[in-house]
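Chain IDs A, B, C, D and E follow the sequence of writing; residue 1 opens each chain.
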C-alpha cells in the first residue's frame, strides 16, 4: 500500500520534525554532560532551541553576494537531504523517508553536498580563515573516508547488498547478529571514521571552537547562522541513524532509535574529551595508518 | 624511343666543349649548362612516361655486337624512375648552387655535368666493369665539386672522402676481376646463376663487389668521412650526394642483388638497419644542421638498403622492392633535398645560427618535409614502413622491427627540434624576446616548396593505389589544405567555417556508423564542432591554428569509421601530428610538444606492430594476446595511463586554451574507443591472462589517485585540470579493464560525462585566464562578481566531476563502485573512494582561488568571457542537467551498445530506477527530492532574511587589524600545505625522473658512440677496412 | 698502440678475405669469351692487336668513360691548383732562387723532345698493329712536353692551343662514336668502327676507324696529362 | 692445387703492403704513396688472372697467323681492363695530391691528424 | 727440369720479391723523397712483370704512367708542399 505522494510528504515532514527536535536535545544534553565531566555546570539542555530562535530573530544580516546566501541553504538542504535518503525506522512507513531513491552510496556522497555548499558560501565571504578551515576540513575528510569506505565495502561483501533496508533486515533477531558482533573490525574502523566525520576532538582542528572562531561559520550571523545550527542537529541525527542502521541493528520503533543513537553519540563525545587536538597532517597520517589497516582486515576477512 | 646513349653523347659533347664555350663568355657556357640539365630532365620524364604507359625493358648494345662481347645498357621502368629522380635532384641542387657555380671557374660546371652523367651511367649499365668506370666518374666528379669550396674544411673532407672511395674502388676491382675469372663474363645478366659463384672464391668475389657498394652507401660505423663531407659541402651539393648519388648507388646495389646469396643479403640487411638505427641515435647529439642531415641521410640510405635486402630475402616478385624501398627512397630523396635547400636558404653556414625565419608557406613546407622524412602519414614513407613492418613481423624478424622503431623515434626527435628552431627562431622559450625577421626568401624558398608538393602528391598517390578512395579518408587532408588557403581570413569567420566543416563531416560520416561509433562520434565530432566554435574567442587571425585543428578533428572522425587497420592507423598518426603542431603553437609549447611527440611516435609504432601482429585487418583478425598487448600499450600511452603519462600535463596545459579543452575532453576518448575496438578484434586474452587485466585495473586506479593528488599541488589552473583529466581517465581505464557489462557501462558513462563537464571547466578557465591574462590561480580570485556565467558553468562542472548526487557525476561513481564490488575488486573500490575524495580537494581549490575569495584590484573591470566561449559552456551545461534529471537519456544507448558486447545484465533499468545485484539508484527521484528540499530551505531562508546589507569587500570579522590588500587576504597559495606534508612524497615526480633518465641514457650512449668519429681521415680509412673485414667474417666464408 | 693493433687486425682480415682467391683460383686456359675475342677480333675488325680491338671497339664505352675520368680529373686538378693564378702575382722563377736547368739538360731536351713527340705519334698511329695505343702515345707526348718544361720552366705553355686540342679531340671522339651508331647498315652500335673499310690486316690503313679513334684518344690524353703537369708545375715557387 | 699463381701472390702482397703504408703513416704524402702502391698491387692481381706460362701476347703477326691463335695466346680481356684501371689510378692519385697541396696551402700541417676540426 | 714454365715463374718470382722488398722499404723509409722514388721503382718492376706475363700494352702503360708520370706528379706536389712550407715560414700570404 504505497502511500500517495502528498501523504508521503506529510510523513517526511513529521519524521523531519522528530529528528530535528531529537537532534537539538541530543546536542544540548551532550554539551551538558561534557560540562559535567569538566566540572562545570554547563548550559541548559534546551539551549540549542534558544540559540536558533535568537539568531533567526535578528533584525538585519549582512551578505557578501549571492553565493554567500546559498551557502547555508546548501548546508541545510544537505543535512535534510541526507536524512531524507536514510530509512530511520525499519518497517514504519512514516520514517521510511525517500530512501527508495538510492542506496548507501547515495547517502555517503550526499554528505559532500552540504560540505561543498558550505565551503562555497564561506569562501564567497572572502574571509581567509574560512578558506583555511575548509582546506583543513576537506583534507581530513579524504583521510577518514578511507577507513569508512573500507568498512562499507566489508559490509557490502558481508551482506551482499548496499541497500540500507536490506542490511537492517539482515541484522534483526537479537543483538548477537548486529554487525557489531558479526563484523567487529568494520564497526571499529567506521566508529573511528565517525570521530573524524563529526569533528569532535581529537579531529576538531577544522572549526577549532576553543581558539578564535575560524572556519566556515565565522562570517555568518542572524538567520543564516540559525540555519547552520539547525543543520548541525539534523545532519548529526542523520549520520547517527545511518550508523545505527549499518552497525547496530537499526530500529523498529522510535524509542529504540533514540536510545541507540544517543549511545553512539555518547561514545563519540566520550572519546572526544580524552584527546588533545591533532594537526591536520597528523590526522591524515593517523587515519591512513591503523584505522585503514583495520578496514583492510575487515574486507579481507569477508572477501576471501 | 630515343636511345639512352644520346644522354652520354650529349653530356660528353657539351662537357668537352664547355671550356671552349667559356672562352666565348660565361653566359654562353651557363646557358649550355642549363639547357643540357633541362634536356636531361625532360628526357628522363619522357622515358618514365613511356614506360609507365608500356611496361617492358629496352636492351641497348654499344659497339655493334651482342652482349658477352660488348657492354650492354638496359632501360626499364625502374631505371627510368631512378633517372627521373637523379634528374630532378640535379635540377633542384643546381638551382640552389647557381651562385656558387657561376662564380667558380668553368671546371665547376663541367664536373657537375660529369657527376650527373656518372650517376645516370651507374643506373643504366649492365656491365660490372663499366659500372666501376661510372663509379669512378661520379666519385671523382664528386670529390672535385667538394673541393671547389675554398674553405679548409672542404679540402680535408674531400680528401677523406677520396681515401674511402679509393679503398672501395680497390675492393670493387678485385671483386670484379675474380667474378670475370669464375663466371667467364662481365655482363651481369649472363653472370646470374652461373656455377662459378657457388664456391668460397665465388662468394668472396661477390662479397668484394658488395662491400665496395656498401662502403659507398656510407654504412655505420664506417661513415665518418661521409658525415664530414656532408658538413663541409655546399647544401646543394649535400642534396646531390644524399639524393642523387644515393639513389644511383642503391640502384646499383639492387642490380647486383641476383648475384648475392642469402648470407650476402643478410649482411646487407643488417648493415643497413644498424646504420639506420645508430646513425639516427648519434644524430640526437648534433647541433650543426648539415652534420645532422649527414647522419640522417646515412641512416635513411641504410634503411632503404635494408628494405631492399629484406624484400629480396623474404618476398617474391619485385613489387615489394618497388613499393616499399622505392617509396622510402623517393620519400628520402625529396625530403632530404628540400631540407638541404632549406638549410641553404635559412642558415648562415650550417652551424645552426639562423639568418631569418621562413614565412608561413615555407614553414608549412618545412613541416611537410620533416614529417615526410620521419615517416608520418600521408607521405610515402608511412605506407612503405607499414608494409615493411607487416612482412618483418610475419617472418619473425623482431630485432629488425625494433631497430626500425628506434631509428624512427630518434630521427623524429632531432628533426623536429631542428624544425622548431627553424620555424620559431633560435630563442628558446620567449619568441617575443628576439623577433627574428621573417625572411622573404623568394627564389630560395621555391626548392623546398616544390619538394614538399612533390612528396605530398606522391603520398597521396601511394594512398590511392592502396585503395583508399572514399572521400572520408581524404577529408582531413582536404580540410587542412582548405583552411591553410583560408589562413588570411579573420579568426572568428574561420571558427564558424571550421564548425560547419566538422558538422558536415559528421553529417556524411554518421549514416555509415554503428551505434558504438555514433556514441563516440557524438563526443569527438560533437566536441570538435563545439571547440571549433570556441576557437573564435581570440581576436585577430590566429595564423596556423585552424588548418591544423580541422585536420586533427577530421582525422579523429575518420579514425572512428576506418574499416581497415591501415586507415585507422593513418588517421591515428595524422591526429598525433596535428596535435603536436597545435601544442607547439602554445606560448611555452616547445618542450611539452617534443615530449608529446616522442610518446606519440613511440606509442604509435607499438600500435602499428600490434595491429600488424594481429593480422592487420580490423575485421578478420584472429585473437592474439601479443597483438592486444602491443596495441594496448600504444593506447595507454595516448590515454596518459600512469607511468606513460609524463607528456600529458605539459601537452594539455601548454596548447592554446581552446585546443587544450578539445585535447582533454574529446581527443582522449578516441583512445577509449580504440581500446574497446581492439578488445573486440583481438579477443580479451592478454599474455598475463586475468592477472594482467588486474594490473591494468590497478594502473588505472593508481593513475586516478596520483593524478588527483598531483592536481592538488598545482598553482597553474591548466596543469591542475590536466592532472585531473589524467585521473578521470584512470577511472575509465580501470572500468574498461573489468571487461563485463557493468564495467563497460561505467567506462562509457564516465567517458561521456567527463567529456561534458571537463569541456565546461576548461572553457571556463579559458575565459578566466583570457580576461585576467594569467593562468596562476592565486593571482586570480573573486571573479564571481564579474564573470557569473563562467562561475555557474564551473560550479556545475565541479559538482558533476566530484560525484555529488543530483548531477551526472554521482551516476558515474555509483556505476563504478557497484561494478568494482561486483567484480570483487574491493581494494580498487577503496582506492577510488580515496581518489574521489582527493578530487574534491582540487575542485574546491580551483573554484575558490579563481572565482571566490578576494578579487584583485586589476580585475575590478573584467568583463564576462566572450560569447564564443560562453555558448559552448551553456550547451554543455544544458546537456549535464538533462542527463542528471533523466539518466536513462544517456544510459539506455550505452547499455544497448554494451549489451551487444556483453549480454549478461549486470545493470538493468526498472522504470526510472537503475538496479544492480548490490543496490539501486533512481536518478529522477533523487534530483526531485534534492530540488524540493533545496527550494523549501531557500524559501525558509528568504522568509527570515530581513533587510540584508551588501557589505564591501573588507568588511569581515578579522582579528584586530583591518585587512586592506586583497593579495594578503586571498588564501590560495599552497592551499593544501598540510596535505603536502602528509602525502606529498607520493607525487615527487618519480615517473618524470624515470623517463628523463631513459632520455639521458639515450643521449649519453649517443655521445659515447660519436666519439668514434675522431676527425682523423686515416682513422676513418682504418674503420672502412676493418668494417669490410668484419662483414666478411659475418659472411662466414671458409 | 691501440691503433697499431687495429691496423694489423684490419690487414690480417683483408688477407683472410683474399685468401680464397689465392688458394682456389689457379691458372686456367682463356675462357670461351676470350677465345671469341681472339678469333673474331682480327676477323671482324681487322686489328692485329686484339687488346686494342677490345679497348677501342668492343668495350669502347669503357674507354670513353675512362677518357671522361681523366677529363674530370684534369678539370678538378686545374680548378684546384690553377686558382692560385688569380690569387696573387706569379713570382718569377729567378726571384724564387730556383736552380737554373743545367746546360746538358737544356741541349738534351731540345734534341730529345721532338723525337719523343714523333715516337708518341708513332705509338698511337700504330695502336691497332703493335702494342701500345692512345694512352701510351698520349703519355709519351706528355713526357716530351714535360722534359721541355723541366729544361726551361719559363716557357709557358700555349694554354689556348691545349684546350682547343683537348676539346676538339674529345668532341670528335664522341662524334665518331655517334657516327658509328647511325651509319652502318648492320646492327649498329655506338663506337662501332666498321663504317670505314677494314682494309688488309697488318697494314697501317686497316681496322676501320680504330686508328683514328685511338689517335684522337692519344691527342686528348696527351693534352690532358700535359694540363695536369702544367697545373701542378704552374706556380711552383 | 700446386699451380698457385705467383703473380696473384705478388699482387696481394703489394696490396696489403700498400694499405698498411696508407693506414699507418700520418704524413699525407706517405698515405698517397701507400695508395699508389696498393693500386699497382690491384693492377697486378687483375693481370694475374690472365697469366698462363708459355703463352704469347694477344697480337697477331699476320692474317695467316690468325688460324690457331686462340690456343697460343694469353687472355686479352684483363689486359684491356687494367689499361683503364692504371689511367684511373693516375687520375685519382693526381687529384689526391692536388687536394693534399691545397690542404697544405690552407694552413694545415703535413700530417693528416692536423685536419681533425670536423668531428663528432 | 727447368722447362719453360718454371723459368718464367722463377723470373717473375725474383722480380716479385724485388718489388715487395722495394714496397716495404718505401713504406718504412723516413724520407719522403726516397719513398716516392721507391714507389716509382715498384711500378717499373711491375711493368717488367707485365712484360714477362705477355701483356706488352699493359707494360708500356705501367712504365709510362706508373713510374714516369706518377713519380713526376709526386715530385711536383712535394716541391709545392715545400714551397707552402717556405711561404708559411716567411709569413707569406696563403
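Throughout what follows, a residue touches a chain if its C-beta (ideal position, glycine included) is under 8 Å from a C-beta of that chain, and two chains touch if they have at least 3 such contacts.
Predicted model only: the values in this text are computed from it and were never measured.
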Count the C-beta pairs in contact for A-B and for C-E, then report the pair with the higher count. A-B
Sort the other chains by how far their Cα centres are from that of chain D and give me the top one. A
Roughly how many whole angstrom separate the Cα centroids of chain C and chain E? 19
Cα centroid separation between chain B and chain C, in whole Å? 55
So, in whole Å, the Cα centroid of chain B is separated from that of chain E by 58
Per the C-alpha means, the centres of chain A and chain C lie apart by a whole-Å value of 108
Which positions in chain C are in touch with at least two other chains? 7, 10-11, 14, 18, 21, 23-25, 28, 31, 33, 37, 49, 51, 59, 62, 65-66, 69, 72-73, 76, 80-81, 131, 135, 228, 232
Going by the touch rule set out above, which residues of chain B reach two or more other chains? 129, 133, 136, 140, 143-144, 147, 174, 178, 181, 1022, 1025
Which pairs of chains touch one another in this structure? A-B, B-C, B-D, C-D, C-E, D-E
Quick check: in the complex, which residue numbers of chain A touch chain B? 56, 58-65, 67, 69-70, 72-74, 76-77, 80-81, 84-85, 98, 100-106, 109-110, 112-113, 116, 119-120, 123-128, 131-132, 134-136, 138-139, 141-143, 145-146, 149-150, 153, 156-157, 160-163, 212-213, 218-219, 222-224, 226-227, 279-281, 284-285, 288, 295-296, 299, 303
Given the complex with chain D, which residues does chain B contribute to the contact? 129, 133, 136, 140, 143-144, 147, 150-153, 155-159, 162-163, 165-167, 169-170, 173-174, 176-178, 180-181, 186, 228, 231-232, 285, 291, 1010-1011, 1013-1018, 1021-1022, 1025
Where on chain B does chain C make contact in their complex? 3, 5, 8-9, 12-13, 15-17, 19-20, 23, 61-65, 68-71, 104-105, 107-108, 110-111, 114, 117, 121, 127, 129-130, 133-134, 136-137, 140-141, 143-144, 147-148, 174, 178, 181-182, 184-185, 199-201, 203-205, 207-208, 1019, 1022, 1025-1026, 1028-1030, 1032-1033, 1037
Chain E touches which residues of chain C in the complex? 49, 51-52, 81, 88, 96, 123, 131-133, 135-136, 139-140, 142-143, 146, 225, 228-229, 232-233, 236-237
Can you list the residues on chain C that touch chain D in the complex? 4, 7, 10-11, 14-15, 18, 21-31, 33-35, 37-39, 41-43, 48-51, 54-55, 59, 62-63, 65-66, 69-70, 72-73, 76-77, 80-81, 84, 130-131, 135, 200-202, 221, 228, 231-232
